[in-house]
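First chain written, first letter: the chains are A, B, C and D, and each begins at residue 1.
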Amino acid sequence: MNHPLELVVILGTAREGNQSSKVVPGIVDAAADRDWKTTVIEVSDHPQSATDTHAGDDPFRSQMATADAFVIIAPEYNHSFPGELKMLLDRQQGEFAHKPVGLVGVSAGGHGGIRAVEGLLPVLYTLRAVSVLPQVLIGGVHELEDPFSVERHARQLGAMFGELEFYAEALRAARS
Amino acid sequence: MNHPLELVVILGTAREGNQSSKVVPGIVDAAADRDWKTTVIEVSDHPQSATDTHAGDDPFRSQMATADAFVIIAPEYNHSFPGELKMLLDRQQGEFAHKPVGLVGVSAGGHGGIRAVEGLLPVLYTLRAVSVLPQVLIGGVHELEDPFSVERHARQLGAMFGELEFYAEALRAARS
Amino acid sequence: MNHPLELVVILGTAREGNQSSKVVPGIVDAAADRDWKTTVIEVSDHPQSATDTHAGDDPFRSQMATADAFVIIAPEYNHSFPGELKMLLDRQQGEFAHKPVGLVGVSAGGHGGIRAVEGLLPVLYTLRAVSVLPQVLIGGVHELEDPFSVERHARQLGAMFGELEFYAEALRAARS
Amino acid sequence: MNHPLELVVILGTAREGNQSSKVVPGIVDAAADRDWKTTVIEVSDHPQSATDTHAGDDPFRSQMATADAFVIIAPEYNHSFPGELKMLLDRQQGEFAHKPVGLVGVSAGGHGGIRAVEGLLPVLYTLRAVSVLPQVLIGGVHELEDPFSVERHARQLGAMFGELEFYAEALRAARS
């Protein structure tokens, strides 16, 4: 492969004062270290108050379509994912198919959004994406300035990126 | 119990042209037959594009608080529930606790939204609600003018209302 | 209510050397403190290698039938519950209906079996049981001699028992 | 690829008189049509009454290890998969990693085991397998002699095999 892998990072909450945005820079940096081309899609830049599978302008469609891999950041609200993230995912028109997705859970409490990311599994399965393990689970996010200064989080992220790369390369070749 | 049970019916989609709204009248009628007092909350009347647990005006709060039982109508989008429904549920401030919830799934295909309602189970568990069985599962909704003209749907609804009543009465007494 | 509540505690693993059995005494003691009558059912005393809904001798049936509440102890194996626990639950013939169930997750790692107990939610819903919150989540079980010597676990157990009692009393009255 | 793909078909129930075994021949035939090498593993040939990750003789280990793809047949018992299937899956020691899995749900009722296969998604995710879509969902199995004489089932199976092949070839190359 000569051209770099393209990664789309989806910040899956638009809640005012959310802590999940803290997680973005560390992911973007790690992708840059691997020479991946990264685009960040923030749900708050694509506001919707009703499911609409046709929503999405040309840049959005194009970023989704050319992505080789995705990372979804999902805080846990009431043991599941944010509604605004689901509406964004429901805009898809096949762009996730045969592509890997890494999952980053975020929570104020100790379990790091484990149920938010588990709740995404059937959705991503339906979109024909490949959810990769390990997950990155970031608990106690309010206490952290840079979540990836915690060694465990950095290690999980590295392992997740390894899996994303494995699938992104294998499947990019197979899709073409 | 001398005062009637109060039922809140939540229409869980704001998608333009949605078919789920067809389901509402049959549920309201069935509740009237039992002399329950019914309020319908349509997600589209409470638009949000970001999770906000403090959203909701006084009438909304009051309807939720005085409800003895809920019915949630959820179409299935990509094997899960609509995002706008999740945002509405995430507004709750304890109003579901110790109250029964009946689930009505809706789909264009044959399985009647079975995965939308299954996806709600962990959410409702977290809200300390009691999800009752049977569910009402309405498949092929585009073909139906009145979904409850189908005998199976009417029978499921009757059985679901029986369970709602069982729990609503038992728990109203225990809550007070 | 003059007669004591009857609690059935199900130890949901038969794995050799399992750590979940450590959790049983603390639960039995807490039930005794409340003057509940407690029976412990260990999956290993009811071995099956195939699902059989008719399995179960008279004492088993009788214990299940007269229970007012259940506590299920479930370690997490591969992000879900043990197979032998599922076979035991599949023996049921309606004995869980309209009764509360408390969930105790156990794991070697940090998340305390959170996904084992989440995986039980749709099963218990189908059995028409009421899954109560809070759960007790016991992580790092290998390090603990008495899991309830940890203050957080003891507090979770106390709150769970409060909910079990609320539902057991409300529903016992309503069932009769 | 010069050597044929190796498929392992897991019959995921040992229940006496189960209907799921009817599904096996059609899958084996379809694999033969594609010149895949197929092995059938029946849970009933590997009886366990307790989770044991070390169970499994050499032929079992070898079949699992050399598989390029899996098909799991899972009837739905109480809205989830059979316990004996879970015990078999919990024997794995990494053999599912980076391999595709097709899911065949079976039920007496109309929904074709949809919740049994959904329940497997988090388990297969944890085993680092790739669950492929479409599923094959066989409802009303008692009425069918050959489930694949129903055109819809045959079509789902064909599409599932197409996906299995896509991933099996892409990932076999990448694993080596």
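Going forward, a residue touches a chain if its C-beta (ideal position, glycine included) is under 8 Å from a C-beta of that chain, and two chains touch if they have at least 3 such contacts.
Bear in mind that the values here come from a model prediction, so they are computed numbers and not experimental data.
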Pair joined by the larger number of C-beta contacts - B-C, A-C: B-C
Gap in Å, rounded to a whole number, between the CA centres of subunit D and subunit C: 30
Chain centre separation in whole Å, for subunit C relative to subunit B (CA means): 29
Whole-Å gap separating subunit A and subunit C, where each centre is the average of the chain's CA atoms: 35
Contacts with two or more other chains, residues of subunit B listed in rising order: 79, 115, 118, 122, 125-126
Chain contact graph, described as a line, ring, star, complete graph or other shape: complete
Residue ranges of subunit D in contact with subunit A within the complex: 98, 118, 121-122, 125-126, 128, 130-133, 166, 169-171, 173-174
Parts of subunit D lying in touch with subunit C, wherever the complex brings them together: 13-16, 43-44, 47-52, 77-90, 92, 115, 119, 122-123, 125-127
Interfacial residue positions of subunit D with respect to subunit B in the complex: 79, 110-111, 114-115, 118
